[in-house]
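Chain lettering (A, B, C and D) follows the sequence in which the chains are written, and residue indices restart at 1 in each chain.
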Amino acid sequence: MAGNSFGDLFRITTYGESHGKAIGVIIDGCPSQIDIDEDFIQSELDKRKPGQSKITTQRKESDIAQILSGVFEGKSTGTPIAINIPNEDQRSKDYSHIKDKFRPSHADYTYQMKYGIRDYRGGGRSSARETAARVAAGAIAKLFLKQHGIEIFAHVSGVGQLEAPNLDVSDLTELVSLRESNIVRCADPATAAEMIEFIDQIRKNGDTVGGRISTVIRGLPVGLGEPVFDKLHADLGKAMLSINAVHGFEYGSGFAGSEMLGSEHNDIFIAEEGKATRTKTNFSGGIQGGLSNGMDITFRTAFKPVATIMRDQATIDESGSETTISGKGRHDPCVVPRAVIIVEAMAALVIADHLLKYQSNAR
Amino acid sequence: MAGNSFGDLFRITTYGESHGKAIGVIIDGCPSQIDIDEDFIQSELDKRKPGQSKITTQRKESDIAQILSGVFEGKSTGTPIAINIPNEDQRSKDYSHIKDKFRPSHADYTYQMKYGIRDYRGGGRSSARETAARVAAGAIAKLFLKQHGIEIFAHVSGVGQLEAPNLDVSDLTELVSLRESNIVRCADPATAAEMIEFIDQIRKNGDTVGGRISTVIRGLPVGLGEPVFDKLHADLGKAMLSINAVHGFEYGSGFAGSEMLGSEHNDIFIAEEGKATRTKTNFSGGIQGGLSNGMDITFRTAFKPVATIMRDQATIDESGSETTISGKGRHDPCVVPRAVIIVEAMAALVIADHLLKYQSNAR
Amino acid sequence: MAGNSFGDLFRITTYGESHGKAIGVIIDGCPSQIDIDEDFIQSELDKRKPGQSKITTQRKESDIAQILSGVFEGKSTGTPIAINIPNEDQRSKDYSHIKDKFRPSHADYTYQMKYGIRDYRGGGRSSARETAARVAAGAIAKLFLKQHGIEIFAHVSGVGQLEAPNLDVSDLTELVSLRESNIVRCADPATAAEMIEFIDQIRKNGDTVGGRISTVIRGLPVGLGEPVFDKLHADLGKAMLSINAVHGFEYGSGFAGSEMLGSEHNDIFIAEEGKATRTKTNFSGGIQGGLSNGMDITFRTAFKPVATIMRDQATIDESGSETTISGKGRHDPCVVPRAVIIVEAMAALVIADHLLKYQSNAR
Amino acid sequence: MAGNSFGDLFRITTYGESHGKAIGVIIDGCPSQIDIDEDFIQSELDKRKPGQSKITTQRKESDIAQILSGVFEGKSTGTPIAINIPNEDQRSKDYSHIKDKFRPSHADYTYQMKYGIRDYRGGGRSSARETAARVAAGAIAKLFLKQHGIEIFAHVSGVGQLEAPNLDVSDLTELVSLRESNIVRCADPATAAEMIEFIDQIRKNGDTVGGRISTVIRGLPVGLGEPVFDKLHADLGKAMLSINAVHGFEYGSGFAGSEMLGSEHNDIFIAEEGKATRTKTNFSGGIQGGLSNGMDITFRTAFKPVATIMRDQATIDESGSETTISGKGRHDPCVVPRAVIIVEAMAALVIADHLLKYQSNAR
């Protein structure tokens, strides 16, 4: 249980360090006969990769996915799909200045204490570079879910104190277009412009800022999720919290719902053709008792500001002596624009896993 | 992976329906030679049981824990500890009015759709009664953690829009006393009085309200947690989100942290005797890179208002026809006072599991 | 991974010591809407319980199964099925003579060294009494498999050097009748008579003897099993080897097959109606590449002689001093007659688990 | 649970098809600070690779292991170790003759039925080529076990009806030398010569033959193994049965033990310096109650004859029509000489996993 696997039936295991030879993933449990569209996988990776715009890190990584197994003549065979992504930018010298220092609010100190050794280059295993492997695996999951008519949409709904208004989510495909029309990946263009301006200012100050991502999942059958511990939202929450920098998760009404009265919060069923297919409101976020109820799944994820700032900070070194440290090169001033696709990937992995569990009982 | 187990090395599996013969739990993986204090287990169950005060449900359950195995001459033997809690209040007639109806924002509909059958009495398996088994298991975990000097403290920090001020957490034992001095289990007496007054008013209106619980875990070694998916906060988040009615989880700075700048948010190390034992601030919530850093673990959990209200609500029945439904008897107007001990139990189970994982590598 | 659970999707967790309050099991993952025939469960337990005949132990246990959860109005609900079996014969005084002694070829010594404490009464957790819980769970699995037309048949094919001839297995139901017509549970009546005579003689000598059980599983779809580690025969093998006293497992041609030539051993396909539904021979034991091929699954399990003999044996005590020990009361002179139903139960659990896995991909 | 992972705490996941781009493995849970000797890993792979001698297949594969992650400056870092082994001999044309045919006693038919698609080239995923990944992972496990003074030795003890006499196992290092001194890997030189002669004759006849491998594990602490399902021998048995072509497993006295009397079979303790460190005999195979007892672990594994023979065999094709098939090129006439190192690898993986479990309780 060393922690590098996620999922039970649709299970991924990732490997790789920021500046090692490669990162990658094995996807075990992907059903056979799924069309594996390699261009799609690459397009997903491209949404996460560094160097996309002025508000992301300028590290150069082309992030080319190599499928090593599990695909035959364009289709999944039901055997493990291994995807390897070579690291190109392995300039270890860039990181000599942090070899013996613990960067504030990074994992340097905790890794060193846990393992007694660490690959300090670029954060090693604790680097968010690992999430490229998740995105590749998530792309496979999305290809599987597509066959079941399941859609996932995430966008940047908040940066710092800026918050996008609620979206009309009736057409998720259109929202993707809106989101991809700007570099901050907020589907509300007006807010997007403000966010970009704000992040750029932050970046020029050598500082960083946190943000929030909102997600909608549509098209699930009723009953996905496994009581009582593997509730659908509990697994979604764990998935989101496992992403670097995430500090909070809420679904449906979330924290705001905890301020409400039951008479306001209850979602009243609407009968259609003798079936309960909808509710008037969706404070439940599409989940009741841990099981999908057929409504949109909605949740929100909070990301802390990136810890690497371009300013001098006091810190300590391995010997316990006080010293100072400063970020070098260019880092992400705000992580959420690139994290949108990671959020979608992890959501897809959770849903794929639960869909297989749902099918196992063959209702 | 039917979902009724939690944890890997310190693993629990719960069973039981609200109005079946019993609920209970098997704890597999509890180390041997732990003193099993049955009075302590019972006192923990007593904090969760119904009928404690005017602001909790009046259902009568004495919740007596019977240890069936795994304990010999007062000590754990390393074999599975089975704990059974017989149900006393099995009056099925109380629930005939919901046999064919789906209660709004309850799990009736989703369970029926998933399984094609459900024990409708009191919500069956989806009832929060299941959490008594978690509390019993959590008590075993606490007895284990006590041997390692680990403390866990939770209290009600918010009810509706009422919010307790930040506590001085230097003495957790004293905070437990303060918390237990009032029926809402808020460690700030002034706020507690307001909360009780507010909940009682809500109850008289036949309504319910949500709330929030804040938790502190103290005394962990540095390095608990397993990158990259089984981060300590990811497992804590899943644990919390698996509790009935929880809609949100945040640790450290949480959602508020996503509005901050990196220069404000970074926790600067303090060197003491040549070791990095503390940070000036704790926006990280005691966790960096998914691993405990030796500071207090802090997190917050949001609970939606209880779905059963004492008012008529529109709903539908199994045939899809519109009907109305109303809560009967007395239910909890607010779940957080009883949930405090559930939060502590789940936190204890996560920490126990991660402590065994930590030990497995025998550093 | 403390080892008291078996299976992934159809998962059981057992608890209980030989002379504790109870033993029992939670079955998690049993599909909903299965008819739970309690009489059948009890009849299975009766086949394993002690005191059945002159060639089994005379310990008195009625082994009454109490279903505590997961069944509603006679059907499984998809939630955990907890079954508790109270221990009646808890006369601890019988075991004071072994409190400080390690019985040869028993688990006393290894449990004491592993856990630093043990419930020495009747072997505690290491007692084969634990297998009653497996039989109860296996009965549930059989009820599930019955709906899929899957049959399992095991019988005693060898005791000491006595070996039954190969059976005509065309009618498994008839073979069950033949097996149950004698107390040694061998479906060949002539060999059964010899076995009974032999075991009774062994018993009178205060000695014990080993034996072998042969099993046939019929009616599986093609493709059960999960390459490459969870091959169907690998999971069957683990299941069998987890039963007390089992020292060997082979499937299909087994050890004898390792002496054969490929030209003799290959199973040639027979085409019927344009499909490969049978092979001329079945040295493969119904499994190719770890997956069921539609032929009968066949395997054989070897049990060592019971370690408790009614004779003085040299041994040592906890202080390391030499001493002697002798069995008291009456123990099984040969374990296989009662183990037949345990073998069937474990086989049923493996197949149920793999059937759910098979269904998860919804072919 | 798609079956491509093995182990819990020391867990491997393999990938790759016989004629795809590569095969490989992720090892998750290897403790940090283990010296990773790449030459040793390669020397282990060399013992398994094809083309070693006249009695093995002539396929050309250099089987070069590439470590992609988890190792820094020669030591394990506690993060996943990914090892990739590119396939060199990808001549797909060799396999066009089996594209539409199901080879007898191979996995072609069952894979096709399970997945509806298969990479037919060289058996695809069902090829024993996958075991190279196991050998690489096993080498890592051995490096870990070496630090704990644990030794594993396997050799070919039987081929067809030839059987080596019992060995003097007092010096396992010397036995390795004896084993490696001949191409059949039997540590008894006289029997080895007979085996080689026999296999070569079989090969010339275009036939194949089965065999047996015997294993000794030395140096375990007392108490490895987890009752009641994850008994040490149950996990060893599953590990062995998961190897291609294995049809049987027995430990200690095995099948022969099932013919013995308890008075013969019991292992009497010998007290040394006030501790029970040895038993006079070792019919228990070093395991009592599923836990190691400090004596040598001994077990034996039976391999069926290789299914690919150089003769015409009747079979059927995908349309269900009768046809004939014949092996092409050169295949292994007997699998056991190359399987010795696979057996050792799987044994090492089981022990490494159980050692971490053992350590988790920090006795």
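One rule holds for everything that comes next: contacts are C-beta pairs under 8 Å (C-beta built on N, C-alpha and C of every residue); 3 or more make two chains touch, one makes a residue touch a chain.
Note that the coordinates shown come from a computational prediction; the quantities given were computed from them, not determined experimentally.
Enquirer: Pick the pair from C-D, B-D or B-C whose contact list overlaps the A-B contact list by over half.
Expert: Equivalent contacts to A-B are found in C-D.
Enquirer: Count the C-beta contact pairs for A-D and for A-C, then tell me which is higher.
Expert: A-D
Enquirer: Which integer distance in Å separates the CA centroid of subunit A from that of subunit D?
Expert: Spacing between the chain centres: roughly 39 Å.
Enquirer: Suppose each chain is reduced to the average of its Cα coordinates; what separation in Å results between subunit C and subunit D?
Expert: Each chain reduced to its C-alpha mean, subunit C and subunit D end up 26 Å apart.
Enquirer: Taking each chain's centre as its mean C-alpha position, how far apart are subunit A and subunit C in Å?
Expert: 46
Enquirer: Which residues does subunit D have that touch at least 2 chains other than itself?
Expert: As it turns out, subunit D has residues touching two or more other chains at 1-5, 8-9, 14, 32, 78-79, 114-116, 125, 227, 357.
Enquirer: Given the complex with subunit C, which residues does subunit B contribute to the contact?
Expert: 1-5, 8-9, 11, 13-17, 20-24, 26, 28-29, 32-33, 66-70, 72, 75, 77-82, 84, 114-119, 124-125
Enquirer: Which of the residues in subunit C come into contact with subunit A in the complex?
Expert: Contacts found on subunit C: 1, 8-9, 31-32, 78-79, 227, 356-357, 359-362.
Enquirer: Given the complex with subunit A, which residues does subunit B contribute to the contact?
Expert: Touching subunit A: residues 1-6, 8-9, 14, 102, 104-107, 109-111, 113-116, 125-126, 130, 158, 160-161, 202, 207-212, 222-223, 225-231, 233-235, 237-238, 241-242, 247-255, 257-276, 279, 283-285, 288-293, 302-309, 311, 313-316, 319-322, 357-358, 363 of subunit B.
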